[in-house]
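A single structure is presented below for examination.
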Amino acid sequence: MSGAEILLQPGVFPRLLQGLWVTVWIAGVSVGASIPVGLLMGWLMTLKNPVIRAAMRIYLDFIRIMPQLALLFLAYYGFARWFDWNLDATGACVLVFILWGGAELGDLVRGALQSIPKVQYESSYVLGLSPWQTFSRVILPQAVRRMLPASVNLATRIVKTTSLAVLLGVVEVIKVGQQIIDANRFQFPTGTLWIYGVIFFMYFIVCWPLSIVARRLEKRWSND
Amino acid sequence: MTFDWSFVQRYAPFFVNGTLMTLFISVFGILLAIAVGLVCAGVEIARIPVARQIVRIYIELSRNTPLLVQLYFLYFGLPKLGVVWSAETCAIVGLGFLGGSYMAEAMRGGLEAVPNVQRETAYVLGLTSTQTITRVILPQAVSTAIPGVVANVIFLFKESSVVSAIALADVMYMAKDLIGMYYSTYESLFMLVVAYLVILLPISIFGTWLERRFDYERR
Amino acid sequence: MTEPETTCKGFEVNHLVKQYANADKPVLDDISFKVEHGSVLVVLGPSGSGKSTLLRTIAGLEPIQGGTISINNQVIDAGKPGTERAGRSDRSSELRTRIGMVFQSYDLFPNKTVLGNITMAPVLVQKRDKSEVEAEAIRLLGRVGLADRKDSWPHELSGGQRQRVAICRALILHPEVLLLDEITAALDPEMVREVLDVVLELAKSGQTMLIVTHEMQFARAIADHIILLDGGHIVEESYDAQAFFEHPQTERAQQFLHTFEFE
Amino acid sequence: MTEPETTCKGFEVNHLVKQYANADKPVLDDISFKVEHGSVLVVLGPSGSGKSTLLRTIAGLEPIQGGTISINNQVIDAGKPGTERAGRSDRSSELRTRIGMVFQSYDLFPNKTVLGNITMAPVLVQKRDKSEVEAEAIRLLGRVGLADRKDSWPHELSGGQRQRVAICRALILHPEVLLLDEITAALDPEMVREVLDVVLELAKSGQTMLIVTHEMQFARAIADHIILLDGGHIVEESYDAQAFFEHPQTERAQQFLHTFEFE
Amino acid sequence: ACGPSAGTPSEAKSSDTGTSSSANAKARSLDEIKKSGKIKIAVFSDKAPFGYVDKDGKYQGYDVYFAEQLAKDLGVDPEYTSVDPAARVDVLTSNKVDLVLANFTVTDERKEKVDFAKPYMKVALGVVSPESAQITDVSQLDGKTLIIAKGTTAETWFEKNAPNVKLQKYDQYADAYNALLDGRGDAFSTDNTEVLAWAKSNKGFKVGITHLGDDDTIAPAVQKGNTELLNFVNDEIVKLGKDNFFHKDYQETLEPVYGNEVNPDDIVVEGGAV
C-alpha cells in the first residue's frame, strides 16, 4: 500500500498546518521580542564601560558556545527550579530564542552601529543636529539597512531551531507528525517517510522566502 | 534540593563517553561538510552548467530545513524506501548535508573576494593558470574563507546535539537519559554544560588562532 | 552689538592651540589669522601638518586647548587646557549652523534622497518652513547643475555630483563661513573640475571660505589669502597668491611648492 | 633575425580594434602608433576614452577584434573578429614577461612579503636562480628607496611604497616595454611625487614605457611622444611635449587641456 | 496571552506564557484550579491505547478517559499537555501541570520526587520482538540491542538488572516503535500492556516475554505535598471504583485493541485496591 495516501487522510494536512502554525508562532514571537532585546544589547555592546563590556562578552560567548538544545534544557528544567520560574515548554523555547536571538541580533546591531563612518556623525554635528536627531534620523536608519540581511538570515535560523521544541514536548509540527505517524502506523506503515517528507518541505516553504528576501536586500543595499 | 557531587562523580564517565560520541559524529560530519562544500564551491565558481543548478537547489534545501527533520527523514523515512543506514551514518550524512551548504557559501565567498586585478597581475607576470590558482588565488581565498569556515565548524558541533533524537549516545543523550532515570536535573545539566565547554572552548580558541595565522594583514 | 567699525567683520582665530591625546606636542601651536568677510583663505601644507585639524577645530569637531575662535567678534570657542580627551565642542545648534563644512569623503546621508539631505537640517534645526526650504534647495541644486537630480539617491550619483550636493547641503543654512577640506581629493580629474568650478562661482558671489586643497592651480586662482602650515605653525602667510606661488619668501614654502613641479 | 635597420625596433600597434561584448561600437577603433625603443609614450584622454583598455589589450588582458600588436616586429597578438566574449589572450608565459604592467590599485600579493612578491615570477616563470634573483630584487628595491623594506608585508606599506614595489616586480623580468596605468591616481600628493620620481628615473635609464596619467606637469616632463585618445580614435599625436601642451593643434586637445587650468 | 495549539481543539497550551512568572513553583490549590476552570493534566500523545491523539486530533485512551471523568467531577475542563516519558517528573516538580496521568508506574525513586495517588492499573514489563527472532527470555538479549523509551520503568529495570543488554534509547514512543519496525534493535521493552496492544496490531511481531520484574502499579501523580489534590483524586478513585468505572474505561479504550486475549482483571485496578 502506498504510504503517500496517508497524506490524503482527512485531518492530516489541517493538523500538520496547525502544527506548523505553532512553529511559526514560536519563531514569530521570538523574533519579534528579539528585536527590542537585540537593540538594547547592541547598544550596551557599544558602550565603553569595561564592566558592561565584559558582561556582554561573556553573555554573547556563552550563548554562542552552548547548543540551543542545551539552553532549552537549562531553561525548561533548570530555571523553574533554580528561580522558581514556571515556564511551560513553549515559554522556555520562546525565552531561549529571545536570549539567543537578542544576543546574535545585538552583535549585528553593534557591528552595524560601529560600521557607520565617523564622518556621518560629524556631518550631523556640523549641520547642527542634536545627538538624538543624529541617532534617530541619520545613524539608526543606516544601521538598520546594514544589519537587515543578516537579521533575516537569523530569523530563518530561529525558525529552523524551533524544531528542537519537540524535544521539550511542545506539540508543534514535528510532534503532530509523530502523532499522525503513530495513529496510522497500522494502516500506513510507510507513512513515516511521507510525513517527515512533508514536514521537511513545510520548513523549507517557511524559510526559503526569508532567505530570498535576505539575499535581495543584500544585493540591493550592497552598493551604498 | 542540593547539588549532589557524588552523582557527578559517578556519572562523569558517561559524559566522557558522550563527549567522545559527539566528537566522533561531529568530526566526520564536518569533514564531509568541508568536502561537499569544496565540490559545491568549485562547481559554482567554475560555472559548470547543469551541476550548478543542482548545487543551487541543494544549497537552498539544506539551508532552509532543520537538521532534526533531516535526521528524522534519513533515519526513519529512508528505511521505508528500503535504505537502512546506521544511526552514525545518518548523523554524519545529516551533518554533512546541512554543513555542506554553509561551507560552500563560506568558500565561495573567499574565492570571490579575491580581486580580479590579482588574477590579471599574475597573468601579466607570466604565471601559468595552475601557478595562479595555487600561489595567488587559493592562499588569499583561504585567508578570507577561514573565519566563515571556523564559525561553521562551531555551528556544526553545536548542531550535532540533536543526534540524540536518533538514539546516538552523545552528551545531550546522556543528559536527557540521566534526567529521565534519576531525576537529577541539576547535576546532569551541569555536566552537559561542562562537556560542551570542554569541547567547544578549545575549538573556539583554536579557530581564533587560525584566523590570525591566515590573516595576512594582521600577523 | 555696537562694535567699532575697525574690528574684524568676518572670521578670526587667535593663539589657537590644539593637542591630541597621547601626543607629546600640539599639532597646532599658537595659530592666529583673520579671514575678512567675503574673502577666501587657502590653507596649504604638507601631509600631517594639521590642515584638517585646523578646519575641524573651527567646526567644533575637536576640543581646543588654548586660544579663541570667533565670528564677527563673538567668541564661539575658547581653549581650555587639559581637554585633550574631551568630545566635540558643546556649541549650540544655532552656532554650529553658522559654520558649514564639506569633507573629503562623500558624506551624504545614504538613507535620504538628494533633496532630503539638503532640507533636513534647515527644517529640523532652523525650524524653517518645509516648502520654502525645498524651493531654496532646488534653486541651489540648479546653481550647481543638478536641478534634475533632486530625487536621486546618493549612491546613484558620481563622486563629483555628491560633493556638489554636499556643498548645497552646507549652503542652505547660510553659513557665515564655509570650510572645505580637500573636497576633490578622491575624485577623477573631470569631476575635480566640475566641483572646483562650483567653488570658484561661490567665491565670486562673496561666500567667506577656508579651503584646504592640493590643486595648486586652483589655489592660485581662488585665494585672496594664503597660509602655509608646517610643524604646527604658520610658516608663511600672503595676501597675494600670484606673489606667493611665484616668489615664495621662506625656504620651506619654496620646497613645498617644488613638490608639485617636474623638472 | 636579419630585419633591415629601417623597421621599428621597439613596440608597435597597428589598426587595433577593440570592442567589448554588448557594446554597439568599438572602444578603440583603428588605433596605430609606434613607440621607439627607449622612449616614453604618454596616453592622454578624458575618462572613458579607452586609455586603460588600450594598455590592457597590449598586456594581453583583453582579446582584440582587429589589427596587430608587435614587439621588435614580432606580432604577439592579432585581432580576430567575433572574439568579444573570449578570455585573455593565450600568449605564452615567456611573451607575457616581455611586457610589464602596473595597475592603479595596489595589486601586490597580500600573502607574500615584498621580496616574495618581486622574486616569484622570475623564479617560477623564467626559472632563474633564486639567490641571483633575490640579489637583483634587493638592488631594485635600493633604486626605489626601499632597500630596508624587503621583508615587510604589503599591508605594512604606504600606497606610494606599494606602487614602487609593484614597479620593481615588473622590472625584474626585464620587460621590453612597461605599461603604467594611472599608478598614482589613488595616492596622496607627497606619495605621488615619490612614485613619479622613480618613473622619471626609469625614463632616464632608457626604459621603454607607455604611461597613462592625469598629472599634466609630469606628463609634460616625461613624454617623448604623446597621444590624445577620444571617441575611440587618436585625435592628436605629438613628438614634442612642450609644443603639445602650449599649442595644441586640435580643438579637442585645447578643450581637454583646459580642464586642468584655472582662470 | 496564549500560545497557539496544534493537534487538538480540546488541548490548549498552558495559560501562563513563557515570560510570566508565578511567585514560585508551588502547586495550585484545588480552589485555584476550580477558579481557573481548568485542570492541567499531562498525558501521552503517542502511546495508543493509553494516551494518544486520534485522527480527528482528539486526545483518547485509557488515561484520558479517566482524566475526562476527573475533570468533570471537579467541575472544570481538562487541559492536556503532551509529555515524553522522561519529562513526567519534571512537569510536576516545576509545576507545569497539576496532575500526571501518563501511564506513570509507581517506583521508589519516583515516590521521592512526586506523590502518587491510589493505583488505577497494574503492569509488569513485557518484551516484544519479531516473530522470526523471538526473544522469550532476558538471557537471550545478552549482547543484543534492546530498544526502550527514555524515562520508562523498562529503562531503569534493564539498567539495573541486565548490564549486558545494549540499550538503544529514544525520547518518544513513536520513534521507538519505528526503530523496531526498521530492524534497528532486536526487541523493544516497556509495560506489558503496551507491548501486547502493539504486537496485536503489528503483524510479524510477538510479545515473547509477557511478565518481567515485579508487578507494578500505575497511578496518578501530583506534586509533592499537594495533599489537597491528592486527596481529591484518591476519593475519586474510591468513589469511581464503586461503579466499576475502570472496567468501563477498559471496555471503551483497551478492549477494542486487546480483544479477549487479556483478562481485564489482570490490568484494571478498582477503587485503588490491588
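First chain written, first letter: the chains are A, B, C, D and E, and each begins at residue 1.
As a working rule, contacts are C-beta pairs under 8 Å (C-beta built on N, C-alpha and C of every residue); 3 or more make two chains touch, one makes a residue touch a chain.
These numbers come from a predicted model, not from an experiment.
A.B. asks: Listed by label, which chains are in contact with subunit C and with subunit E?
C.D. replies: A
A.B. asks: Could you pull out the chain whose C-alpha mean position is farthest off from that of subunit D?
C.D. replies: Following the centroid criterion, the farthest chain would be E.
A.B. asks: Measuring centre to centre, with centres taken as mean CA positions, what chain is farthest from subunit B?
C.D. replies: C
A.B. asks: Could you work out the angle of the rotation that brings the CA atoms of subunit C onto the matching CA atoms of subunit D, rounded to the nearest 5 degrees?
C.D. replies: The best-fit rotation has an angle of 180 degrees.
A.B. asks: What whole-number Å value describes the gap between the mean CA coordinates of subunit B and subunit D?
C.D. replies: For subunit B versus subunit D, the centre distance works out to 47 Å.
A.B. asks: Counting only Cα atoms for the centres, state how far subunit C is from subunit D in Å.
C.D. replies: Roughly 38 Å, centre to centre.
A.B. asks: Go ahead and note the Å separation of the Cα centroids belonging to subunit A and subunit B.
C.D. replies: Result: the chain centres lie 20 Å from each other.
A.B. asks: By the touch rule stated above, which residues of subunit A touch at least two different other chains?
C.D. replies: 77, 81, 167, 189, 192, in rising order.
A.B. asks: So which bits of subunit B are touching at least two other chains?
C.D. replies: As it turns out, subunit B has residues touching two or more other chains at 76, 165, 176, 179, 185.
A.B. asks: Among the residues of subunit E, pick out those that touch two or more other chains and give their numbers.
C.D. replies: Answer for subunit E, listing residues that touch two or more other chains: 87, 90, 93, 171, 175, 178, 181.
A.B. asks: Tell me, which pairs of chains are in touch?
C.D. replies: Chain-chain contacts present: A-B, A-C, A-E, B-D, B-E, C-D.
A.B. asks: Can you list the residues on subunit C that touch subunit A in the complex?
C.D. replies: 59-61, 88, 93-94, 96-97, 99-101, 103, 105, 107, 109-111, 120-121, 124-126, 153-155, 169-170, 173
A.B. asks: Tell me, which parts of subunit C touch subunit D in their complex?
C.D. replies: Going by the criterion above, the answer is residues 46-47, 188-190, 193, 196, 200, 214, 217-218, 220-222, 259-263.
A.B. asks: Please give the residue numbers of subunit B that touch subunit D in the complex, ascending.
C.D. replies: By the definition above, subunit B touches subunit D via 115, 117-118, 120-121, 123-128, 131, 135-136, 139-140, 143, 216-217.
A.B. asks: Which residues of subunit A touch subunit E in their complex?
C.D. replies: 9-11, 15, 18-22, 25-26, 76-77, 80-81, 83-95, 167-169, 171-173, 175-176, 178-179, 181-186, 189, 192
A.B. asks: List the residues on subunit B that touch subunit A in their complex, please.
C.D. replies: 1, 60-61, 63-70, 72-73, 76-78, 80-81, 154, 157-162, 165, 172, 175-176, 179, 185-186, 189, 192-193, 196-197, 200-201, 204
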